[in-house]
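Presented below are the structures under discussion, each in the form of structure tokens.
Same chain, two partners: chain A is paired with chain B first, then with chain C.
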Partner chain A sequence: MIEIDKISKRYGQTTVIDAVSLAIPRGGVVGIVGPNGAGKSTLLSIMSRLTKTDAGRVSIDGLDVTKAPGRELARRLSVMRQENHVAARLTVQDLVAFGRFPHNRGRPTREDTEQVATAISFVGLEAMADRFLDQLSGGQRQRAFVAMTLAQDADYALFDEPLNNLDIHHAVSMMRLFRRMGDQPGKTVVIVLHDLNVAAAYADRIIVMQDGRMVGDGPPANVINRRLLSEVFRVEGDVIDIDGRRVVSVAR
Partner chain B sequence: MNASPRPLLVCAIFVATAVLIAASLVTGGGYAWSDVLAMEGDGALVLAASRVPRTLALLLSGAGLAVSGILMQMIARNRFVEPSTAGTVESAGLGILLTLLLMPGAPVVVRMLIAAMVALAGSALFLMLLSRLPLGSALMVPLVGIMLGGIFDAVTSFLAYRFDLLQSIGAFGSGDFSIVLRGRYEFLWIIAALVAAAYATAARFTILGMGEAVAIGVGLNYRRLVAFGLIIVSVVTAVVVVTVGAVPFVGLIVPNVVSLILGDDLRRSLPIVATGGALLVLGSDVGGRLIIAPYEIPVGTIMGVIGSLGFLVLIFGRRGHAT
Partner chain C sequence: MPPDRARAIRRVTMIVTLLAVLSALAFMTVGVRGSWGFVLAHRGIRLAALVTVAYAIALSTVLFQTLTGNRILTPAVMGFDALFILLQTALVTTLGATATGALDPRLLFAAECLVMVGLSGLLFRLLFRGEGGNLPLVVLSGLLFGALFRSLSSFLQRIMDPNDFLVLQGRAFASFNVVDPTLIGVAALLALAATAIVLPRLSALDVLVLGRDRATGLGIDTTQLSATIFALVAVLVSASTTLVGPTTFFGLLVANLAYLMVPSARHADVLPVAIGLAVVTLVGGQMLLERVLGFGTALSIVIDFVGGVVFLFILFRTGRR
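And now, the complex of A and B:
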């Protein structure tokens, strides 16, 4: 379980996270949605110990993320960030293999090699495995980073806007992949998303952020409604049920 | 282009290095190569006291500087950084001057230690500047380093001028291996140990090149690893500058060329980077002994010429994926 206890984060005068408390038990797919600047990425960044909080604490299965050893945490929690600037000139194979680092400390076993191959095939980059990252398109590079996170095989996988740069085909196959991950026993996927329809279609639980606070939390059917559109996203629109799934249609 | 190791290229590098080692042993003023080979007259002495030490010094310095370059590039996540474009060399020079000034009789090892510590502080200052400054372009990074180096240089020159030490600092301005003799280069063996340490942690330094977030994400202690890398770079730089003087641009050219061919998984590329550095410095020195024989052109000067040209090629050619 990821436990977030009254965390706050300020940059100068601006409060980006304001006393957020949240518990994410094991299993399933959790979507985090909210308008730009709501604090979604910062929340993810704090959960993955890349940003320090001003107050409150985060623990993963009881381990305080600021105190537990990095290696211990890396086997429980993986994160894929939005910006992935890599100075090292690496092949897809190299990059994904480094996802196994928490398990093998840089000395791959045969099992590691198999996991890496599986991760690469899950994102459909088998043909590109020997290409350097700088020879790939933005979407392919994005998928390579997803594969690296898959190879890390952590109990909790966090993704910040993983669908950026992806066309609709790859976006859908990526979300199906996350769904499959979240359905495995003991695995939890937490994804920051900006498309409400995608969140409604694939997440078990949706957390809504606005101005650094949590303003909604629950299954898609309870969270996604006209009030969410007007009050949080400031658009007028309808929420339609298609085959029991919530679909947002924004007024022109 | 794929990343499978290029056996042919690797062989070529090793063969070229072996040939140059042989050339370095038989090339030089005063003694014909036949005398040296036949070990006649002073041939044996020349070989043991001068040529062998000089060749080893060239190999060690070249390997160390090239490895320092790739480590700096992973740490700063910028392709144009190496000890001479990050303020490291110049701060080592400042350290040497401070030792001459405050402890004129101090043994070489003390001078190296202090040079290494000042170089470490200088490089850390460089990294701090990078994290504070808004850098619009990848090219800004080496510019900041060169400017910082210029400031260290100015302080060194001013102090040297005030305390009448200008002649002493002239010596470490430009790397010159003609001064290498048995008994005067042995500290360079520290480099072998440091290169081995870098190789043992090659996977970690590769991850460093993927950025702080990835490094922390896979469970590395980011700050400790950066500090470890900077210590390696600073000690290598200080030992080279104190023993033979500055040899610029080795750490820039070699890692970039190797990266284009083999990529940057340091577990795979570091041995080639080290050998390539040794090859380049050795080749420059042998060339410097031949061009105006029986006189010599110092390696520092030759590398300055080759290096600045190479730097320009890199800037124009690699801008694409340097950002």
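And now, the complex of A and C:
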């Protein structure tokens, strides 16, 4: 369980996260949505100890993220952020192998090698395994980083807008991949998403952020509605039910 | 790792090692006239100094670049060696020549190293605070700080007592041609100690190449690792500067050549090649200039010229991306 207890974050005068409390139990796919600047990425970043909070605390299975040993946390929680630039020349294989670091401290066993190969084939990059990252397209590189997260095999996997740079085909296969991850026993996937339709289609639970506060939380059917569109995203539009799934259609 | 890549890495490492050994042999034996015993002893001391310097600079540059996540900045470009010279100058100015002369040079060096770790840490914090840091700004301020330290040193040298100046000259104006032999042992020992500390951290450093956030995500205590490595860099820079003085673009040159030649980002693969290249450039270059070209120019000028061109090249290439 990820427990977030009244965390706040300010940059100068601006409050980016305002006393957010939240519990994410094990299992399933959780989507975080909200307009630009709502604090989604910051929330994810604080959950994964990459940004310090000004107040409040976050714990993963009872471990305080600011105090627990890094290695312990890395086996429980993985995170993929938006930017995917690396200064060094690494191959896909090299990159994905880093995902095993929390488990092997840089001494790969046969099992690690297998896990890396499985992760690479999961994202469909087998043919590119020995290519350097700078020889890949933006979408392929994105998938390589997702493969690294897969190889890390943590109980909680956090992704910050993982669908950037992906065409619709790869976006859908990526979301299916996350769905499969979230369906495995004991595994939880938390994704910051832009596209409400994607969130509605794949998430079990949707958390809505606005101006640093949590303004909605629940299954897609309860959260995605016309009020969400007009009050949070400030667009007019309709929410339609197709085969029991919420679909958003924004007015032109 | 595919076998052909592993083989390529092995081949590069072997060639560079061989070249380094050959340069050392040539340095010791080419153009010997008169008593072999005297020449070998004389050149042996210089060789030891040059190898120590090559080792310290290559190691410190690669570590520094991993730490800062870029391939343009080096401790020398950031003005760390100029800071060390300033430190020495300030010491002689304030204490006076007699006082500094009376102290054990090794003790003095140890104290200077400590101050160096503190001061460069401060400088580093100043330049790289905030998330990631703004690279062009850091490059510019590094160059500016370097110029500032150099100007301050030369200002102090102008106004100081001529006797003090003579003492300082013996201490701080070493170069590739005139190495200071008193501290070779201490410097070599420091370089070895640094290696002993770095070795168990090599795979963690490999992860740090992914950037601070990803390394944290993979369970590395980046704050602690950075602080440790940074202190080592400061000590290594002090060691090399005390032996041969400042070397602006030397580290940049060998580190980037090593990245180019080694098809791997692992420190265990890159570091030996970088160190080997540094030995080849320094020892081989010195031998060529002294024995073959007849001392036409100082090696540091040649290295800074070539290194400067490489620096500009990398800077422009990075800027375009």
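By our rule, the second predicted complex is superposed on the first by the 252 of 252 C-alpha atoms of A that agree within 3 Å, B and C clash if a C-alpha of one lies under 4 Å from a C-alpha of the other, contacts with A are read in each partner's own complex, and residues count from 1 in each chain.
Everything that follows uses one rule, which is that a residue touches a chain if its C-beta (ideal position, glycine included) is under 8 Å from a C-beta of that chain, and two chains touch if they have at least 3 such contacts.
Not measured: the values here are computed from a predicted model.
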item: Superposition on chain A - do chain B and chain C clash or fit; value: clash
item: Which of chain B and chain C A:Thr66 touches, first, second, both or neither; value: neither
item: Touching partner for A:Asn164 - first (chain B), second (chain C), both, neither; value: neither
item: Partner chain in contact with A:Ala87 - chain B first, chain C second, else both or neither; value: both
item: Which of chain B and chain C A:Ser249 touches, first, second, both or neither; value: neither
item: Intersection of the chain A residues that touch chain B with those that touch chain C; value: 48-50, 69-75, 78-79, 81, 85-90, 93-95, 98-99, 101-102, 105-107, 130, 152
item: Residues of chain C that touch chain A when the two form their complex; value: 1-2, 5, 69-71, 202-204, 206-207, 209-211, 213-214, 216-221, 259, 263-265
item: Chain A contact footprint on chain B (complex, rising order); value: 1-4, 73-74, 76-79, 202-204, 206-207, 209-214, 216-221, 259-260, 263-265, 267, 320-321
item: Touching residues on chain A, where the partner in the complex is chain B; value: 48-50, 69-75, 78-79, 81, 84-91, 93-95, 98-99, 101-102, 105-107, 130-132, 134-135, 152
item: In the complex with chain C, residue positions of chain A that touch it; value: 48-50, 69-75, 78-79, 81, 85-90, 93-95, 98-99, 101-102, 105-107, 130, 152
